[in-house]
Structures are given as structure tokens and as C-alpha cells.
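Below you'll find the structures, each written out as C-alpha cells.
Each of the two complexes below includes chain A, the first together with chain B, the second together with chain C.
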Partner chain A sequence: MKTSRKNTLWGYLFASPWIVGFLIFGLYPIFASFYYSLCQYDVLRIPQFVGLRNYRELLFQDHYFYSAVWNTLFYTFIRSPLVIIGSLALALIVSRAARGVKFFRTIYFIPSIISGVILSVLWLWLLNPQYGLINSALQFFGLQGPLWLIDPSWSKPAIILMNIWSLGGGRMLVFLAAIQNVPTHYYEAVEMDGGGWWAKFTNVTLPFISPVLFLWFILEVIFSLQVFVEAYVMTKGGPLNSTLFYNLYLYNKAFDDFDMGYASALAWLLFILAGVITFVQFRLSKRWVYYSGGAEK
Partner chain B sequence: MRSKTLKILFWLVSGAILAALWGPAQKGDAQQQVHYWFVAGVKDNIPPCVTWFNESQDSIQVVATPIPWNEHEKKVLTAILSGNPPDVVNLVTPVPKWAARKALVALDSIIVADKLDTANFFPALWQEMKYRDDTYALPAYTGAFALFYNKRLMRRAGLDPAQPPGTWEEVKDYARKMTRRENGKLTEMGFIPQYGNIETPLIIAFEQGVRFVDASGSRVDLLDPALIHSLQWEHDFFDIYKVDEVTAFMGGFGYGNQHGFIAEKVALFINDNSFIDQIQKYNPGLDYGVAMIPSLEERPSVSAAGSWWLAIPRGSRHKRGAWEFMKFVVSHPVQLREAMSREETLFPVNRLAAHDPAFLAMHPYMAVFSDQMEQTRSKSITPLVHDIFWREFSLARERSLRGVLPPQQALLAAEKTIQFSLDRALEYDHYVNARMRTEEFFD
Partner chain C sequence: MMQRQRESSLIFILMVVIALFFLLPFLWVLLTSLKPEAEVFSRNFLPTTLQFDNYLQLFHKIPFLLFLRNSVFITVISVIGVTLSSSLVGYAFGCMNWRGRNSLFYFVIATMMLPMQVTMIPVFVIFKEIGWLNSFKPLTVPMFLGGGAFNIFLMRQFFMTVPGSLLDAARIDGCSELAIYWKIVLPLAKPALATVAILTFMFTWNDFLGPLIYLSDKAKGTLALGLGQLAGQQQPEWAVLMAASVLMMLPVIVIFFLFQKYFIQGFTMSGIKE
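On to the complex of A and B.
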């Protein structure tokens, strides 16, 4: 008993760098940001407690708040399903490839290791309406390409299009692993019933990998809500605030305007928004997620 | 046995951490070390003025640290907050934005004590160093703007290159004559109001004496008819071009030999004096001239300016050493020497240096820049909400240009947003001022 307690203490001691790090750089900022969300605070001067005023002004007086929410939700709900369906399709193709699986797996993984800033600068050129490769390719087929990032109605779709680049990556590898873990005798059963590839996919593959898909849907939505780099590098929120995403607005408030109290309130509202969407996803998951070992509690 | 090994390991690790935290032994204080942070460009070269200062005396050693342009504000901010700031900073964002937040040491007492002749600075630049009548910084160097015009493109359009446009109406007229299309696509433009570092409608507004805020600085006024007229001029400029096609055309421009003016795709362009060096580097054969910035009929030619400045952050440990270095940098001989020795010409903030025959002899057009500098206006309008002001002004321009809102409505929308933010900031400012004081030089 004595040795066990000693070992526990030593365990905590060796884990202490992480614990201290978490307390200082994780837990404290979380609580501090909540406190500052109730203050006027510009970092360099003392905070002024203003109660719920920041939240009230955000929700009832700040029209940019709703622009930012709309832009972010548009991006989230178009991009997330697209990248998941695309990655799943890639994983299915790679899983069926007779040879060269490792090669394709590597090829599709490469884009995900490129930094978002580099990717954004690259796409800035690809999407250039006058000299960009994309519009040149469209012109080759006799099509007049849009103005992409310059046109307020095309700027968000352009950024979503850019994300197709990263369809592969970790997402595809996880799907691939999930697909390869589906017991083969289920496919044989479908074959005996005369089912084709579609029947196998909808009746076997999809239900078996649905927990993985569900997890990625949740992660993708959270990642998408945090969209920042593309807009920061490529558009600065323009044209006409059409790419003013939530985190870009938060960044402007915090680090351009030094309005940390307001920015903290924005951060907490984003947390609540992400929480609500995740809650809804969990509720809906009961209708389509299948756990082979029984229902997930 | 195992427990003993763990104990030894624990004390070794703890000892190493403590040793690392303790840091190297401090040097003796015989020579005062002044830490100077400057924003570096592509190169991290130590500014020559630092070397000259260190060579000029033995009691103060300036240690220069380059900080990257991107995120430089945040670095200085966190250094001040942590209580371990540099002794001198060299920044470009408006002084009042920092001074209003009590981040800088007020310098008036030392300026008086040392009898620094502030009349040697260009008036607009000196005005920018102040916040509510107190001085917080010294201008270090600037960029003087003027109109660059392409003589070859003017000749080709049947215009006399000895007569660059003097009024905004002439700019519009010349621009149309010099604009070219191929297969319906723009290939060259005479002038693009939104291309460059200086906002055309802002200059037009400055010419007409627009103040943007009332005398107290607490009430935003963007509905001044002169300002509306400025935006209207820009809107009307596009009556024969589509905004989107011009924006797409500009999307093909870059830096160096891809620059619109250097690549001879834009014939008239307003830029600062350092652009001369870029032309020399990337297209030395370019046939161009430099003239005063155009103005409205019967109005003076004005420019907008900002400067790089030197200041002592709150909490600095070596204010006297920092001040000696600052004085050295802004002096006439050092300003002149630095302007003439850098790869890209820095424009002196010291008028004696800017009008010095040696400086003017650097380039045939340098006198134009020096004259234009005497007629500059400050862009620091609402220091407490500086970035919001310019974001909103840009948005109003964009709305007006794209025809989303007429200029008056666009400006009204901007005014409301800025006022809302300014009211918040003023209330906070009032709260803080009752509880927190600004650091003085002799504190």
C-alpha cells in the first residue's frame, strides 16, 4: 500500500510538467477568457468589468457578427460533407486498387502535409481570374471562368474548392483502415444474395464504417468552424466581407483592435455554437450510426 | 534501488531546469546595454545607425534585435505586458494607437530638458507623435509620396510627357487615353485609383480640408460633402470600366518586375520615394518621371504620410540610454548618412536632411518628394479605434465602387460602425484614466 502510494506520487511528479503546462496554458486561459469576456480590456490597460454587455452588443447590435456566423456556417455545411464524401470515395478507390495501393496512399497524403499559408498563396495564383490555371483550363473548354476570390458570390465557393486539394490526408487513411477492417464474409453474403457493388457499399461498408464517419463529421464541423488561414492570407475577409469568417473577425477584434474582452465573448459564443451543432449531430447519429457490438451508450 | 535511481533522476532534472531558468550571469553595468527592437524586412541586417551610435561613444551599447514584420505588434505588446520590454522600439503603426493605451513613455519633459529642436521634423510627422498634446515618440524615417508617370506610354497616347497630369480631371482624361484592351480584355491601364499604398479619395478629401472627426475627437463625421465628393470621384472614374475586370487585371500584378508600373501595365501611379530604387533594380531602362500628386482645381497638392518612429516602451529599464540613441538617429547628419547609405532610400524625417543638397543630388526627382513632404496630412484620425476606422473606410469605398451603396449611404454605414466602437473605447478610456497613469520619462 505504501509502495503503491509512493509510485502514484512519483507518477504525478513525472507527469507534472504536463499538468503544470495544462493548468497554466490550458485551464487558466479558459477561465481568464471567460472573465475577460465580461470586461472591456485592451491588454495594455486594466480591465473594466461590464457584465454581459459584450454578449448583448454582439447578439443585438453587431451586424458583422451575423455576417461572420453566416459565412462560417455556409463554409462548414458545404465543405464538411464534400470533403468527407470525397475522402471516402478516394479511400474506396484506393482500397479496390489491385496494385500500387501504397503509392496512391502516399500521393493522396502529400497535400495534407503542406502548410495552410503556402497552400493559400498557391491557390491565390491558381484562382487568379486573368492568369490563373483554373480559368485557363476552363477557357480551353470554351468556358468563361468566374472571378473567384474577387466576386463576393464566388469567394466562399472558391475557398471551398481549394479544400478539395486536401481530400486525402489522414482522413482518407482512417477511412481506408475502416474499410479494410470490414469482415469479408458480409460481402460474400451479399454476393450470394445477388447484390452488386452498390448493395455491398450501402448494406455492408457504410454501416460498418459509420462510427468512423460520424467521428470525422464531428471533427470536420469543428475544424470548419475554425476556418481562418485561407481568408487571412487570401482575402482578408473581402470582397464586401463575403469571407469574413468567424475566427477572422475574432482575430481582427483581438489583435488589430486590441478589444480582447469583445474577442473573448466571440470565442465563447463560438464554443457554444460548436457545442450546439455537435449535440445535434449526436442526436441525429442514432438514426444512421451502427455499432457492431451493440448501441453506443 | 529503483526509488533511489528515480530520486537521483528527479534532482538532476530539477537542477537542470533551475539552471536554465537562472540563465547566464549578468554582465557588469559599466556599459549600459540598450535593447532596440526594429521591424525587419526580408533581410535582418542591423541598421547602420546602430553601428554608428555604438562607435560614437563608449558608455551605451545598443543591442539591435530584428522582429519580423508579421506579428511585430503582438511581440512588442507581449513584451510590454510581461514587464520585460526592449528599451527602444521602432514601429510604424500610429503612435496614438499605442500612446492611448499607455504603452509608451511620455517624452515632453526630456524634450524640454534637452532642448530638442522639434521644428526640424516635418510638421505632419511631428503631429503624429502626439496624443492629447503629449509627445510619445520621435519620427525616425518615412516614405514621401509623389506621382510616377510613364513617359513612353504618354507619348504613345499622344500626350506630352513634359506635362504630367496636374488635376484629378486630367488624371481621368489621361487614364482613358492610355488604357488599352486586347480581345476585350484590359492589357494596360492609365491609372487605377485603388492600386498602391495611398488611397486616392483620401488625398482628395485631405485637399478639401476634410477632418473626419469633430474638434473633440469624440464624434465621427463622414458625411462631409467634400468626403462624399471624394468617393463620388472614384466611383465616377469607373464609369467606363467594370470594377471586377480592373480588380482581376490587378490580380496579375506582383512585386519586382511584376509590378504594374514597372511592367508598364499602369501608366500613372502614386508611390513613395523607395519606388525609385525598385525601378532601378527591376527595370532600369524605364522611361518615367515624377511629379507632385494631382489635386482638384484650385486646391493644393497634398499627400498622406506616416512614419517609422522610435519610442520608449512602458517599463523600459534604460530610458536615458534609449533617449540618447533616439536623439542620435533623428539628428541631421545621421539622417542624411543613413538615407544615403541604405539599399532602399529611406526618406529623412529631419527637414534639414531632406532638403540637404547632398540628399537632393541622389536623384533628379528627390526635390519633388521633399516638396511634397511639406504638404502631408496624418492618417491618424481616431487613435482609439484606428484599425476599425480604416477597415470601415475601405469597406465604404468598396461598397461605393461596386455600386452596392451610393457614396453617402456607404459613408453613413461606416460612420455608424466607427462611432459605435469609438463610444465604447472612449468610455473605457475614461474608466482607465481615473485609475492608471501614463509613465513619464523622469519617473
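On to the complex of A and C.
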């Protein structure tokens, strides 16, 4: 079909809701945010240009900034591999043809429909050191559970544990779909060579699903860097700032202190940080991601 | 053969243990919400008597029905806005032929990389300047403007599967693009619409940051905000808090079991739940 001028007009007309939305809530805010980051701005008075002062303060004087970066990176680099390895293991278990396997898939997925505040409130109770389910269960096996959210060295692992529970099943389904796409004759070839399930996994499954794994490593890191609600609801950043995550600090600066310039500078530094991590992941991916070229859909 | 059998029963046991890990928390929370106050702080798994006191108390602790009404209002409007506008824009990219279409589509996809922290503050300032703070407008009106890059992508992918010959036939018969979109393509797109609607429902129902920023007036609060407030007290009343969580989870769980297929489709395609 030819693309006449009339068609083009209609095309832009149909796309116009997005275009208008992007101009107001995307394009303008990018420039405004960058400008604010160079200003002192408390919303009440007009922004006052201060050059790079916010960035200088952040990088050289603000030790909360470094706590927030450390907490967030710790959280991201522990959570991402654990969630991916855990849900890949789940996917491998439920990819076998066994009795009731579909039923178990549904069960494992159910926690994935819970998120945000509800998730945080449930786990606040589950992680209660004295009366919570987790420590009661540990005690059942004769183990003394940690203080979780009250202990600075256990607060981040506690939130990571919660996220494994709530993300595992959803990611499992993603990896399951990828595993089911692997052509079966490759497994038969390994079998003929006398290889067991580990050989099949490392020589066939892993290479075939590596593009999907790679995509989810990228997404997982981006999601982890966004952690906010959990810390806001469960710990308010404590104890001893051990869960003062980047976005919680940004929120406090913006909407408690109304220091919008400083908060905007924080936002841009996070953007750069996320960009750098993603770039490094792409560079590293050449060493382990295998594109079968054509065989994949 | 024997070894095969032993292996498969081991795996079955493993699957049961994992199922307990995923399910016991739900059961525990439900039981807590039904326990008398005094029994919450005991390690007995089962309550001696089941009672609904905590659910009744909830109505005294927070304006539950008001919050419920606000949440339902925002969610319903958002679902309508997102499904309508993402399907309209998706139609432009999936069913129409026009100059600049592909480049604009790639641009839409690229905007997914833009972190919301960067735009959050100026967007807040815009809403403040036009006097929309403390109203539901900042949470609903933008939903009618495209409905987000991901939903447009999802719609477009689905629309691409609609046979072009069907559309061309309608065009030759003199149907306008709007009529084709509304009368032919949308009725075919029910699965995609359902997926987008469910993702939007989940996101809006659970959204915390949006209401937190825009709704400082207590009477405008949503269930998510109310639950957060209740949890933030010095000495949380766990049984009441769990009752509130159960009530807020209920619609999500019901919708999950009614529309499991679309739910799972949405999740495997997006994984966007944060």
C-alpha cells in the first residue's frame, strides 16, 4: 500500500496521544530536570542557577550519598544473580514432564502477583524476629534466626529474601518459555555421547537461553536500582541507614526537604550509574552470550 | 528403572517443599488476620478461635471505604485510559502505513530506557503549577496520553497479526480508519486488551509513589497509602494490618484466578511489576 499524504496525516493523528504525552511528560522534563540540577530550587521560588554546586556537594561532601550508593549497589549485585539463578533453577525443575507439574507452576507463580506495599507489609510481619513465620520456622529446625530488619547487617539480605519470594515464580515462567524453545534433537545428541543432565544443561540449555538470561540480567539490574517502596514502608532507611537506598534518599531530598535541585542532580547521577553498569554488561556479554543465529525465533 | 523412579519421587518432594515456601506465608498471614489480639504474639500456628474482629476494627482505624472508593476510581479510570490510548497508538504503528512510522516506533521503544526519576521532579512541578496537586488528575489524565511505551509495544505486536487484506478490504468499502479501529480491530484484540488492562490494574492498584507524591490530603488517600500509614505506626497492630493486607490482596487474587492466561501472558512479556 502506498503511503499517501492523507495516510501520513492519519498516522500522526492516531499516534498523537503519545506524541503529546511525550512532549509534556518526557521531553520537557528531561531538559527541565537537567536545568534544575544546576540550580538551587525549593519549588516556592524560581530556580536559582548555581552551576555545578549540587554535583560538587554530592560527590565531595555528602556521606549519605555514598551510603545510598553502597546500599543500592550491594542490593543490586546480590539480588540480581540470586533471583536469576533461583528462578532458572525453578524453571529447570518444572520443565520436566512430571506428575502435577502444571499445578506447581501456578503455585510458584502466585507470590508474583503481590508487590509494592502489600508485599512489604506482609514481610514486615513474616520477618518479625520474635513472632514472625520465618524465625518460627527456623526455630522449628533448631536454628536461631537473625533480627532481620532491625539488624543493620541483616536488613538488606531480608529485603533480598523477600524479593526472591515475590519475583522467583514470574521469572521462572520467562525462563521456562525459553527452555521449552530449545530444539530437542540437541539433547539427543548429548545423550548419544553419554552425557547426563548436567552435560545437557551446560552444553545445550545454557547456550540456547543465554540471550534471554542476558536480557534479564540487564532488566534485573535496572529494576534493582529502583528499589524504593520496600525501604520506605519497612525501614524508612534504617537501621543505621543500612537500607537508605538511592531512590529513598532522592525522595527524601525532593519531597521532605524540597531540595529539588539537589534531588535532580541525584537523579542524573543515577541515570549515569545505570548507563555505565548496562554498558559494562554489554561488553561482558560477548564472552558468554551465544546467539545461534536463525535457529532462535 | 528403579533409579528413575526414586529420582522422580525425590523431585516431587522437592517441588512440594518449594510450594510450601511460596504458599505458607499466605496461610500464615490469613491466620494472623483471624486470630484474637492476644494470640498474635504466640508461636501457635493455628488460632484457637477464628474471628473477624480485626476486619471490623479496620473500619475504625482507617477510613477504609473512602480509601477503597478512591483506589477503585483511580484504577478504573487508568485502565480505561491506558487500554483506549495504547490501542489507538498501537493501531497507528501496527495497522497503518505512513511516512516516519518505523522511526517513530523505534523512538517510542527507546523512551523505555528513560528512568522516571529524571522526569519525576519536573512533572511534579508542572502539576503544582497548574493546581492539580491533591487531586486524582495527575494519576489519571496522563494515562490517556499513550498509556506508556510498553503497552503500545504490546498492542502493536498484536495488531501486526491482524491480516492486512482484511483492513484493505474495509478501506476499499469506504470504512474510515477510526471505524476500522473501533469496529474491526478492537473486537479482534480482546486478548491484548485484557493483558494490558490487567497489567494496568496491577500497577495502579499497588502504586504507592504516585499517590504519596500527589495526594497529601488524607481524605484523598488510596488503599495503598492507607496500608503504608497503618504499617508505619510505632506499635503496629499486626492482626489488623494483616486483615487490611488480605482485603487489599483479594481483588488481585480473584482477577488472577479468573484471567490466569492473560495474567501470565502479561508477566512473561513484561516482568514489569515494580
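Quick notes on this one:
We take it that the second predicted complex is superposed on the first by the 281 of 297 C-alpha atoms of A that agree within 3 Å, B and C clash if a C-alpha of one lies under 4 Å from a C-alpha of the other, contacts with A are read in each partner's own complex, and residues count from 1 in each chain.
In this section, a residue touches a chain if its C-beta (ideal position, glycine included) is under 8 Å from a C-beta of that chain, and two chains touch if they have at least 3 such contacts.
Note that the structure is predicted; figures quoted are calculated from it, not measured.
Aligning the two structures on chain A places chain B and chain C in a clash. Considering which of chain B and chain C touches more of chain A, the answer is C.
After overlaying the two complexes on the shared chain, residue contacts for A:150 are found with chain B alone; chain C is out of touch.
Contacts of A:10 after superposition: both chain B and chain C are touched. Legend: residue contacts after superposition of the two complexes on their common chain; A:43 is shown touching both chain B and chain C. After overlaying the two complexes on the shared chain, residue contacts for A:288 are found with neither chain B nor chain C. After overlaying the two complexes on the shared chain, residue contacts for A:279 are found with neither chain B nor chain C.
Of the two partner chains placed around the shared chain by superposition, neither chain B nor chain C is touched by A:66.
Once both structures are laid onto chain A, the chain B stretch out of 25-33, 79-87, 169-177 or 223-231 that overlaps chain C is 79-87.
10, 13, 43, 128, 130-131, 255 are the residues of chain A that lie in the contact sets of both chain B and chain C, per the superposition on chain A. By the touch criterion given at the top, residues 8, 11-12, 14-15, 18-19, 21-26, 28-29, 32, 40-43, 45, 85, 88-89, 91-93, 96-101, 104, 108, 111, 114-115, 117-126, 128, 142, 144-146, 149, 152, 164, 168, 177, 181, 202, 206-209, 212-213, 224, 227-228, 230-232, 236, 238, 241-242, 244-245, 248-249, 252-253, 256, 260, 263-264, 267-268, 271, 273-274 of chain C touch chain A in their complex. Interface residues of chain A facing chain C in the complex, by the touch rule stated above, are 1-3, 7-8, 10-15, 17-22, 24-26, 28-30, 32-33, 36, 43, 90, 93-94, 96, 98-101, 104, 106-118, 120-126, 128, 130-131, 133, 136-137, 139, 165, 167-171, 173-174, 177, 216, 219, 223, 226, 228-229, 232-234, 236, 247, 250-251, 254-255, 260, 263-264, 266-268, 270-271, 274.
Listing the residues of chain B that touch chain A in their complex gives 3, 6, 10, 73-74, 77, 80-81, 101-103, 185, 244, 247-249, 251-252, 314, 385, 387-388, 391, 395, 398-399, 402, 404, 420-421, 424, 427-428, 431-432, 435-436. Interface residues of chain A, counted against chain B in their complex, comprise 6, 10, 13, 40, 42-46, 48, 57, 61, 128-131, 147, 150-151, 238-241, 252, 255-258.
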